[in-house]
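Quick heads-up: structures coming right below.
Same chain, two partners: chain A is paired with chain B first, then with chain C.
Coming up: the complex of A and B.
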C-alpha cells in the first residue's frame, strides 16, 4: 500500500515546494507584497525591470547559453558515440567520465579561469618564448561579453553528464544489431549509428538534455566566475537584485525571476523546434540514401572534441593543483617561483566542520533519494505500467531555474515559522538530488532483463524476496553510480544550502564561495579541490564496491 | 469595546518597550549573567582567512572569559544578511531571528536603521566604549553621515590606500588628475572594481570628492535635480580614463581581491584597498612582489569606521552585547592590529589606554608596505549613503552595457 503511494508521495514532495516557491515569486512580480506596501496588483515591477540598462542583452545571453551549450555538448557526445561506440576508446573513456562529472561546476569554472586567463597557466606555458609576452596580454578572454568562456566551462561539465546518460541508455537501443543491419545495406559504421541508433537513443536522452538547457540558461555560479559582466547574464542580474539592501528592489527582482523562468522555457521551446528540424533533416538523409558522406568527418570531430574537452578538464585540475601549492608566482614563469604547503595547512583546520556537514547532508540526501527512487521504480514495476507522464513532474526542480523558486520558498518557510536548520537544508538538497538520482537510475532499472524476475517468480519467491535477492544485487552497480551522482549534486549546492540554513550549516561549497570573495588564487584552488575530492571519492567507491563484492562472480562483474 | 482596544494597544506598547529594553545594557552584570551559555551567530564577511582565523580566536576567548559561544556565519556579501533580516521581518519573525551580530556599515546600516531593524541603542553603554573617545573622534558616532545613535558599536577603521608596483610605476600619481595623465601615457596599467562592488563605488566617491566643485552637497541626501551638475566632472574624468584602462574599460575586475591578483600578476601597476595593511599582508602571503609600496593621495583619502550591529529580532542579544564589547577591548583590538593576524587599524584612542595596553600596540611591527598612521593624514568623510546608490545607478546606466 505504502509502496503503491510512493510515486505520488515523491511527486508531491518535489512539486509542492516548487509550486509554492514560484507562486510566492509571482505575487511580488505583479506588485503584491503587503509587508512592503504592495497592496494592489500592478505592472510597475515589470516596467522598472525593463528599464534596467542592458536587460535585453542579459536575456539574449541567457538564451544563447541555454541553446548553444546543449547543442554543442550533445553534438560532441553523439559524434563521439557514432564514431567510437563499442570500441576500446569508449570503454576507456567511460571510466574517465565519472571523475570529470564529479567536479562541481564552480570548481571547474575556477580551474578553467586559472587555465585560460591572460595570466593563466596556458599563457604562462607559451610565454615569453613563443609569444614574447613579458606581462600578461591585455585580452578579454575570461568574462568576455558574449559568454564564450562561460559556455566552454558548461560544455566541459555537460559533455561527461550527457555521455554518462547516453552510455546508460545505449544498451536497450541494441546498437550492435542495428549498426550491423545498416552496414549490410552499405552504410559506413558512424553514419549507420547516427541514422539507426540515434533515433532510438534520443528519446531516452531528452530529459537530461532539457536539464542541461535549464541549467545552462540559468546558471549562477559558473556565470559569476566566467560569465560576462557588463551586463551579466539574467540569472546573475536577478540575484544581485534579490540581495540588494534596498527593499523596494524586491518587486523588480521577483519580476526578473519570472522572466528567467520564461527565458528558460523559451530556450526549451527553441530546442523543441531544433528537434523537429533535425528529425526532418534526418528523414531526408535516409530517404536520399546517401551512404558515403560524412563518415571521416564524424569520427574526427567527435574524437577531437572529446579529446580537447578532456585536455581542458585535466588542464583545469592541474591549474588548480599548481595554484594551491604556489608561493609568489610572477608572470611569465611557467611554474611557481617557490612552493608552499601553507595554503593547505592553514585551510585544513577549517575544513573539518564543513566537511562533516557536507558528508552528513550528502550522505543523508543520497540515501533518502536512492530509497525513494527505488520505491517509485519498484511500485512502477509491480503495477506493470509506466507512470511516465506523471513522472515528468519529478524533474520539475531541474527544469525550473533555482532563482525562480528558492527565494519564494524561503519566504514560505519563514511564514510557516520553520527555523532555518540542517533539516531544512537537507530537504532543499533533496529537491535537486532526487531528480538526478532518478534520472541516473531509472533506465537501468526499467530495462533489467525481466526473465530474471520471472524465473524467481516461478520458483515461488515473494515480491520482496525478488527485490532484495534478485533485482537489487543485479543492479547494485547502477544504484551506486546513481548514489555517486546524488552525492556530487548535494556537494555542489550553494543557494540551496545558504538560504534554508541561514548560513548556519557551512559546507565545503558555502565556505568556498565565501572565501572566493577574497580573490586569493591559492585559497580558491585549495577549496575548489576539496570540493571536488568528495564526489570523486564517491564515484571511485561506486566503481570499486561492486568489483570487491562480486570478485568471485565473473558474470555479476560484467553487469556491474 | 474602546477599553479593550486601548488595553490591547497598551499591551502592544508594553511588548515593544520590553523588547527594546531586554537586556538593559547599562546593567552590565545582568548582561554578563544572561549571556553565559548563549550562542551568538555572528554574520561577517569571510573573504579573508586571516579575518576568519581572528574571529575563531575571539570566539575561543569569549568562551573562556564569558561562556559565550561565538559562531561565525561566513558570508560573501553583507547585503545577503540584511536581506535575510528583512525577510524575517516580512514574515513577522520578531524574536527568533537568525542573525545575532552583524559586521556592517554605510548603505547596509542605513537600510537597517531606516527600516527599524536594529536593537538598541546599546553601543555607548558598553564598558569599553569610553576607550574610543568618541568626543574627540566624531567618526565613531557617524556612519556615512548617518548618526549612529548607539545602534552599532565601533569595530575597525578602514582607509582607502593605494598601492603600486615600482617596477612598472616609478612615480605614483597623487591625485585623480595625475592618475589620468599617467594612464593616458601608459594605457592598460590601471583598472578598478566594477560598481556596485563597494571598493569600486568607493573609487567613484574618492574621484568625486577630488573633482566636485564643492563638497558640501555630498554630505546631504542626493538632490536629483542637482545630481547631473554635481557629478558632471566625474563622468568627464571617467569618459577620458576608461579607454586607457586595462581591457580598454570593456571589463572590470569583480572585487578588491581580483584587483590585488592583477597587480600580483603584473597586469596592472596600481591598485587600492580599504585596508592600509593590504599590501603588507599580500607580500607576506606571497601574492604581491616584495617591492610593492603604499601611498595616500595628496588631498587625502576616504576613511570610515565599520561597526557591529544587533538585529531587532536577535535571540542572543546579551551574548551579542558581550561579544561586541569584547571585540572593542584592547586585547582583541591589539591582536587584530598585527599584520600577521588581520592588520586592521584600531578604533581605540591610544590616549585612553593604560600604559600596559598601549604597549601592546607599540610592540607590533605594522609591516614593510604599511604607512605609519601619521602618513595617512586626516581621512575624508564618507558622503551620504544615498550618493553611493545614485552613483552606482548612474555608472551602470553609462557604462553598464559595453
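Coming up: the complex of A and C.
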C-alpha cells in the first residue's frame, strides 16, 4: 500500500538531497570537480581558503552567533516561562507569538536596521533632546564588526520560535501539578518551575534548539543585511565565493561550505557541553535545597527580556511602515515632514512578478508538505506505532547548515545538466517547509482523542472515511496553522531560492535582500512589509477560516 | 421503525475461551454465549482487563496484549475481520457526538452508504426518542440526556449485530443515569442485540438482569 510507504518516502525525499548535497560539497572541497577541470584530489582549495584575509574572524563570528544567540534566546524564554507560566501575561503573549514568528528573517532584519541605525527611529526619538545630535552620528551600529546587530535580530526571531515550541510541549510536562507540589515543599514558584518542569521540558525542546543553532551559525540573509562586512560571516563569505563569476573559486567555496559545516558542528558540540554543565549545576542546586534564591531575578529578567524584544519587534515593524510612507524626513525629526504613497505606487508594478512567484512557490510547497505530513501521520496511526527514531531524520535539513548542502545540490544539478528553474526552487523550499510543517502538525494529530476514530470504526466507517470525515475536519485548525507555518517558511527562504534558481526566480525575499546594498529606505521598507504581510495573512486565515466554518459548532471552539 | 438489523433475524454472540495476557500475565479468561437481547455484565476493579476485553472484541486491542480464543457473531468468526466490518457497536462513557457535525450529520454518518431515504430514517430515529426536529442542531447545545439519546440512536442506525457498553452511565448524575439506563437496556433488548456491559456499578448489573461475570 502506498500509504504504508509514505514515511519512508518522505524520509528519503529529505535525507537523499542532504546526503547527496553534503557529499557533493566534499568532493570539490578536495579539488575534485571534473566539470570545472578538477580531476584529482588536492588540498589546494583549503590552502586558498585559509589564505583568505579575515577568515579566522569570519569563523569566530559564525561560531559566536551560533552559540550566543540561542543561549540568550533560550535563557529569556525559560526565565519568562518560569516566572509567568500559567499567568494572564503568558496567555496574552501566546496570541502575539504567531504573528511575530510570521515575520521573515529578512524583513525583521530590515526593520531592526531602520529602528537602531544612526538615522533610525530610536535615534530620532531621543535626538536632539537627549543626545544633542543634529545630524546622524557617525557610528557603526548596523553592520558593526562584531555582528551585534545581526545577533540581536537573530534573538528577536529565535525567542518567539522557542517560546512557541515550549508552549506546545509544555502541557506534556504537567507544569501545574509539579509546581504545586514543589511549592507545597516550600519552593518559590519560578524556582519550582526551573527545578521541576524544565528537566522534563528541555528534552522536548532540544531539537528546535539545535535547529536554531544551525540557523544562527550559518544565516545568510540576516548577515547580509545587518552583519559585518569586512570580513563578513563565514556563510556570507562562502556565498560570495560561490557567486563569483570566476568559476575556479568554486573549489574554494566548497571548502568554505565544509568549514561552515564544521563550525556549525562545533557550535552544537559546545552547546552539548553547556547542557552537561547546566545539568550538573541544576543537580547541585537541587541538592542544596535552596527554595527562594533567584526568584525575583528570574521573574524580572524573563519579563524584561521578553518585553524588550517585543518592543523591538513592534518598533521594527513601525519603522518599516514609517519609512514606506515617508516623504521628506529631516534627521532629528521623529516623524516624516510629509507623507506620501509614491514609494508604494512606484514599487508595486515591480512587485507583482516576485509576489506571484512567492505565492506560487509558497502555496505549492505548503500543499505538498501538508499532504505528505498527513500521509506520514495517517500511516503511523493505522500501523498503530510511532516511527519515532526514524522520523528524527525528517528534521535533518534543519540541522545541517543550508549552504553546506544546497551548494552540493547545485553541483549535482549541474552534473545532470538541469537548468535552474522554479521546480528546483520548489524542491529546495520543500526541504525546509516539510520539517516545519511536520513539527507543527504532529503533536496535535497524535493527541487527538483515539475514541473519535474508534467510534467511527464501530459505526462501520472505512479507514479513508474515518480520515476524511472525522480526523481531518476535527484537526482542520491545526492543519491550517501548520500550513500557515509552511507558507511563512517558504516566503522567508533566501538561500534556497537564490541558489537553486540561479537568481532567475525572483521572490519578495530575494529582491528585498538584493535591495539591501542599494540603500533606498522607502523601497526597501515596501518590499520588507510585503514580505512580512504574506505570512501574517496566512496566519490570520488559519485563525479565521475555522471560526467561520464552525461558527454554529460550539464544540469546535477549543480545537479551532 | 428502529430495527437494528434485518427484521426477524436474531443475533447470537459466542465467546469461546477468550484469554487476554499482558507481558505474560493473564488478565482474564472468559467463555460465554449470548442470545438475542441478552446483556452480559462484566464487573471488576480498574486494571482487571475489562476495558481490554471490549477493545479486543471491537478490534482496537493494543499490540502489547496477547489474545487467544474465538469470538463468533451469528456463527461467523469476527476476529478475522477488520474492526469496521465486525458489526459490533460501541457506547462509550461519553456520548461523543462528533462536534463538527450537526445532530442529523452524526446520525447520517452511522447509516450504511447503501441505505435509501436517509433523511426520513434520521427524522424517525430522532422522533422515537422525543427529539423530533433536532436534525440541524449543534450537538454542543444539547443536554446530557439528549446527547445520550442521540448517541444511542446513532448506534442503532449503524445496524450492529452486537453491542459493547463501556461504563456508559458512569458520567451521568443519579437521576439521569436511571432514565438513560432504562432506555438503553430496553432499546437493546427490543432490537434483539446481544450486549456486553462493562461496569463497576452494581446497580447497572442489577438493572441489566442478565448474567454477571466478576473479574
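Criterion: the second predicted complex is superposed on the first by the 521 of 560 C-alpha atoms of A that agree within 3 Å, B and C clash if a C-alpha of one lies under 4 Å from a C-alpha of the other, contacts with A are read in each partner's own complex, and residues count from 1 in each chain.
Criterion: a residue touches a chain if its C-beta (ideal position, glycine included) is under 8 Å from a C-beta of that chain, and two chains touch if they have at least 3 such contacts.
This one's a predicted model, so the numbers in the text were calculated from it and none came from an experiment.
Trainee: Which partner chains sit in contact with A:289 here, chain B, chain C, both or neither? Use first/second/both/neither.
Mentor: neither
Trainee: Contact-wise, after the overlay, does A:328 reach chain B, chain C, both or neither (first, second, both, neither)?
Mentor: First partner only.
Trainee: So, does A:230 touch the first partner chain B, the second partner chain C, both, or neither?
Mentor: In the superposition, A:230 touches chain B alone.
Trainee: Would you sort A:504 into first (chain B), second (chain C), both or neither based on which partner it touches?
Mentor: first
Trainee: In the superposed arrangement, does A:553 touch chain B (first), chain C (second), both or neither?
Mentor: second
Trainee: Counting residues of chain A in contact, which comes out ahead: chain B or chain C?
Mentor: After superposition, B is the partner touching more of chain A.
Trainee: Of the residues on chain A, which ones does chain B touch that chain C also touches?
Mentor: Touching chain B and chain C on chain A: no residues.
Trainee: Would you mind writing out the residues of chain A in touch with chain B in their complex?
Mentor: 33, 35-36, 53-54, 57, 118-119, 135-136, 138-140, 143-145, 229-231, 240, 242-247, 326-331, 338, 340, 346-347, 350, 410-411, 414-415, 417, 419-420, 498, 502-504, 506, 510-511, 513-523
Trainee: Can you list the chain A residues touching chain C in their complex?
Mentor: It comes out as residues 384-385, 450-452, 454-463, 469-470, 473-474, 476, 550, 552-556, 559.
Trainee: For the complex, give me every residue of chain C touching chain A.
Mentor: Against chain A, chain C makes touches at 58-60, 62-63, 83-85, 87-90, 92, 94, 96-100, 109-110, 112, 138-141, 154-155, 158-160, 164.
Trainee: Quick check: in the complex, which residue numbers of chain B touch chain A?
Mentor: Residues of chain B touching chain A: 41, 43, 45-49, 52-53, 71, 73-77, 79-84, 86-93, 96, 98-99, 107-108, 110-112, 115, 188, 194, 196, 246-248, 250-252, 254-262, 264-267, 285-289, 389, 396-397, 399-402.
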